[in-house]
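What follows is a pair of complexes built around chain A, which joins chain B in one and chain C in the other.
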Partner chain A sequence: MTAIIEGMLNGNVRSLAKAITIVENDRPGKKELLKAIFPRTGNAYLIGITGPPGAGKSTLTDKLIALLRQQGKTVGIIAVDPSSPFSGGAILGDRIRMQQHALDDGVFIRSMATRSHLGGLAKTTVDVIHLLDAAGKDVIIVETVGVGQDEVDIVKIAHTTVVVMVPGLGDAVQIAKAGVLEIADVFAVNKADREGAAKLVNELRAMLDMSTGDWKPDIFSTVARDDVGIADLLAGIYQHREYVHGKGLDQVKFKSNVRQELCTYLMDGIIELANSYPDFEQLVDNIYQKEITPLEGAEKLFKKMGVKNNWLTTGGDDAEKN
Partner chain B sequence: MTAIIEGMLNGNVRSLAKAITIVENDRPGKKELLKAIFPRTGNAYLIGITGPPGAGKSTLTDKLIALLRQQGKTVGIIAVDPSSPFSGGAILGDRIRMQQHALDDGVFIRSMATRSHLGGLAKTTVDVIHLLDAAGKDVIIVETVGVGQDEVDIVKIAHTTVVVMVPGLGDAVQIAKAGVLEIADVFAVNKADREGAAKLVNELRAMLDMSTGDWKPDIFSTVARDDVGIADLLAGIYQHREYVHGKGLDQVKFKSNVRQELCTYLMDGIIELANSYPDFEQLVDNIYQKEITPLEGAEKLFKKMGVKNNWLTTGGDDAEKN
Partner chain C sequence: MAKRIKVLVGKPGLDGHDRGARVVARALRDAGMEVIYTGIRQTPEQIVATAIQEDVDAVGLSCLSGAHNNLFPKVVNLLREKGAEDILVFGGGIIPDGDIAGLKEAGIKEIFRPGSSTDETIKFITDQVNQ
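Up next is the complex of A and B:
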């Protein structure tokens, strides 16, 4: 373990890969590893890239990597991909495109499945971000598909979130429904050579004009496949970075991330603890038989664990009788 | 509160609406309410309807409601809608379509926002399902947009999950990426009069042929707007219900739901407890300053809470030195 930690902190790619595997698979040494590298975290610039399937996020990320490398920056990429039991890993094919960077030591790419993660996808993603960060990557890009809560949680961690849209996947109202507007710092309208691109940009602009936030997201038209508009997009990302840094929001974000991590450990801990109690299954069965409610079951468990607190039994329940 | 509970258990619509508001807004009396109605739950048939934005889920749900009502069944509907701070409630416009059932006492419709829910969307949805269930609804339909973890969690609760697809929102590989294949019990290919519908059905069928599960999902072509294919779809849903019931899977599901609820109360409880400790912010700050790691912070809190267990300090960490 010590060799892996030292290796990855010194920029050894194989050590970093091993460390990520330990974290992803919840293998022995995980806690020791995360503890050892934690003081070295908090330096990387985190970019989240999200949007609907088919928007061309992988291609766009690919081009951004190339540009960042030209600027001398080292890059870590976490591609969060839904895994389907039907298709297995096959649909990850478009990841292969990024493998042009495979021989570049300044780029480290890792794909992660969205399902079957012990401790949750968001948690594992944070841990892997810590590893890439501690390994000295200047920029870390997290690419997610979709706009579910898991993805939103992941994107929340990022300093700058790029939402990629594409004409033809539904109009702007559909996009608003998808819930991405509130998380975007920068918009990329990709495949901008397609019909409907200008309309999409206009609709987005109209929606953004209604927003009252301090930061007004910019919209960039790109054709990632042909490397069109990427430099402008990256400039837009940097502009948001300046804003974030100028306002001290990166520190605010780091603190909120740290708080979230603490809470995740508490939640994981309490569940592990509950499951280790010999009569846990009996308790579940009592609820199943409707002898007690789920809340009463939780109260009982807290009592058995010796938790010195009575918040559960003193809610505001008596405050309002109707 | 007693009046609300009695009212809703006796089928009073206004009492039910009040009860839901209490649960949604985490108002005083929530615990008492949920406790009182819990023994009356577990009777409704839960149908989940999900799929990408623009697939026509609301219209399809609307037609299913009409058909269920013709069959004499009472129906509760929970429409889970992303809320955007930009658009506010405006994008909920298509919900209005369902309001043709507004004067029908046998139908109760509630829209819920996906964000800003104390205690999480999935948790609140479960609580509202309990209320509709206890109020005697025969069938409860939960309609969700998107395929994020939150939506998947909600759909997991359902006895039968209908995934609605539509031609023109990307090919089947995109659909597989969206991660819905593994949660579908029944497929509806809606807007089946559009170009590409037959191709989508074929692609779906080809994917399903690769699956090895005990239950093979059927695919139904519908044009919800014109009320085409709805009866067949509902028959397909019932067929899955027979399967679920025959295998006793509804009981298995109820038990797993109950277990999940217990775990949610434990997690909510531990976070509330942690936040109530006077030095919680100091602890967060210590982590922020990198004096301790998030895991060490959690260990410290568990100790302060008096939790009689040492799992956190005895992981498998020493098992593998490298």
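Up next is the complex of A and C:
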């Protein structure tokens, strides 16, 4: 383990790759590894790139990598794709578009399957971001598939979220309904070579003009396939970075992220503990038979754990207020 | 829970026919594996760099151009150079009988030829990786 930690912190590619596997597969040594690298995190600039399948996210990422490399920045990429709900397997093909960077030491690309985790990310994506961050990548790009608000957890993590849209997927009203307007810091209308792109840009602009937020997302037309509009897009991304940095929002975000991580571990731990009680299944049955409510079931379990839980006792009232 | 097997399916060389590689990729996915597909016309160097970054258990090479005797051993050798000889390499495509022994000697663990079922490939990978 020490060799892997030292290796990855000193730029050894195979060590970094092995470290990611340890984290992704919950292998022994994960805790030690994360502890060793955690103090070195928090330096990378995190860009999320999300949008519907086939919008050109990977192609766009490929072109952004090239530009970032020209600027002398090292880049880490995490390309997340959904696992098959049937077999649990996955075909991870985002790299196809990025293979021109395969031999560049300054670029590290890793594919991840969601492994049935919801929200567009794998459960361990955040830890993998920590690893790339600690390994010294200046910029980390996370590509995820997502269309609606519920699918894009990356928004909570990334400093800047780029939503990639394409003409022909519906009008701006539908886009607004999916909640896309709220999650984008920057819009890329890709496949601008296609009919309807200008119209989509105008519709988006009209909707965004009505928004009242502090930050007004800019819209960039791109033809990722032909490397058109990428420099402007990157400039727009960096403009948002300035804004985030100037307001100290990156620190706010980092803190809320570590809070979220803490809560995730707590939740996992509590559920595991509950599952370990021999009468857990009996309790599920009792609920199933309508002898008790799920809320009462949880209450019983918390009592067993010796946890006094105020939310549970007032839960019903709070729910009503909602 | 069994280990989640990760396989790179790559096409070295200049031929642009990846139907076979895609069929294999899909079969492996349906068997519960995570498949990195790198697309056509990859150099052995690109395939090896990708296999290392992705930390795959196995690399499957498909070649229809006839350059397998050169390209497949090159992948094995490059993996060795990078200290990644533990990654299993197997191959497929149009490969004459006479070439198989030489390829195996060069470190390609198995060759699957057109007509062999994807189940064979799945069983082979699973056995090798879990052993």
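The definition used in the following text is that the second predicted complex is superposed on the first by the 287 of 322 C-alpha atoms of A that agree within 3 Å, B and C clash if a C-alpha of one lies under 4 Å from a C-alpha of the other, contacts with A are read in each partner's own complex, and residues count from 1 in each chain.
Keep in mind that, in the parts below, contacts are C-beta pairs under 8 Å (C-beta built on N, C-alpha and C of every residue); 3 or more make two chains touch, one makes a residue touch a chain.
The shown structure was predicted, so the numbers you read here are calculated from the model rather than taken from an experiment.
Legend: residue contacts after superposition of the two complexes on their common chain; A:E182 is shown touching chain B, with no touch to chain C.
When the shared chain is aligned, chain B comes close enough to touch A:L262, but chain C does not. In the superposed model, A:I287 makes contact with chain B only, not with chain C.
Shared-chain residue A:G29: touches chain B; no touch with chain C. Contact comparison for chain A: of chain B and chain C, B touches the greater number of residues. In the superposition on chain A, A:N43 makes contact with neither chain B nor chain C. Once chain A of one complex is fitted onto chain A of the other, the partner contacts of A:R110 are limited to chain C, with no touch recorded for chain B. Shared contact residues of chain A, touching chain B in one structure and chain C in the other: 83-84, 86-87, 91, 115.
Contact residues on chain C toward chain A in their complex (touch as defined above): 3-4, 25-26, 28-39, 42, 45-46, 49-50, 52-55, 82-84.
On the side of chain A, the complex with chain C involves touching residues 13-14, 17-18, 20-21, 25, 83-84, 86-93, 95-96, 99, 102-103, 108-111, 113, 115. By the touch rule above, chain B contacts chain A in their complex via residues 1-4, 27-32, 34-35, 38-39, 41-42, 52-54, 81-87, 91, 114-115, 121, 145-152, 169-170, 173-174, 176-179, 181-182, 207-208, 210-211, 254-255, 258-259, 261-267, 269-274, 276, 283-285, 287-288, 290, 293-298, 301-302, 305-309, 311-312, 315-322.
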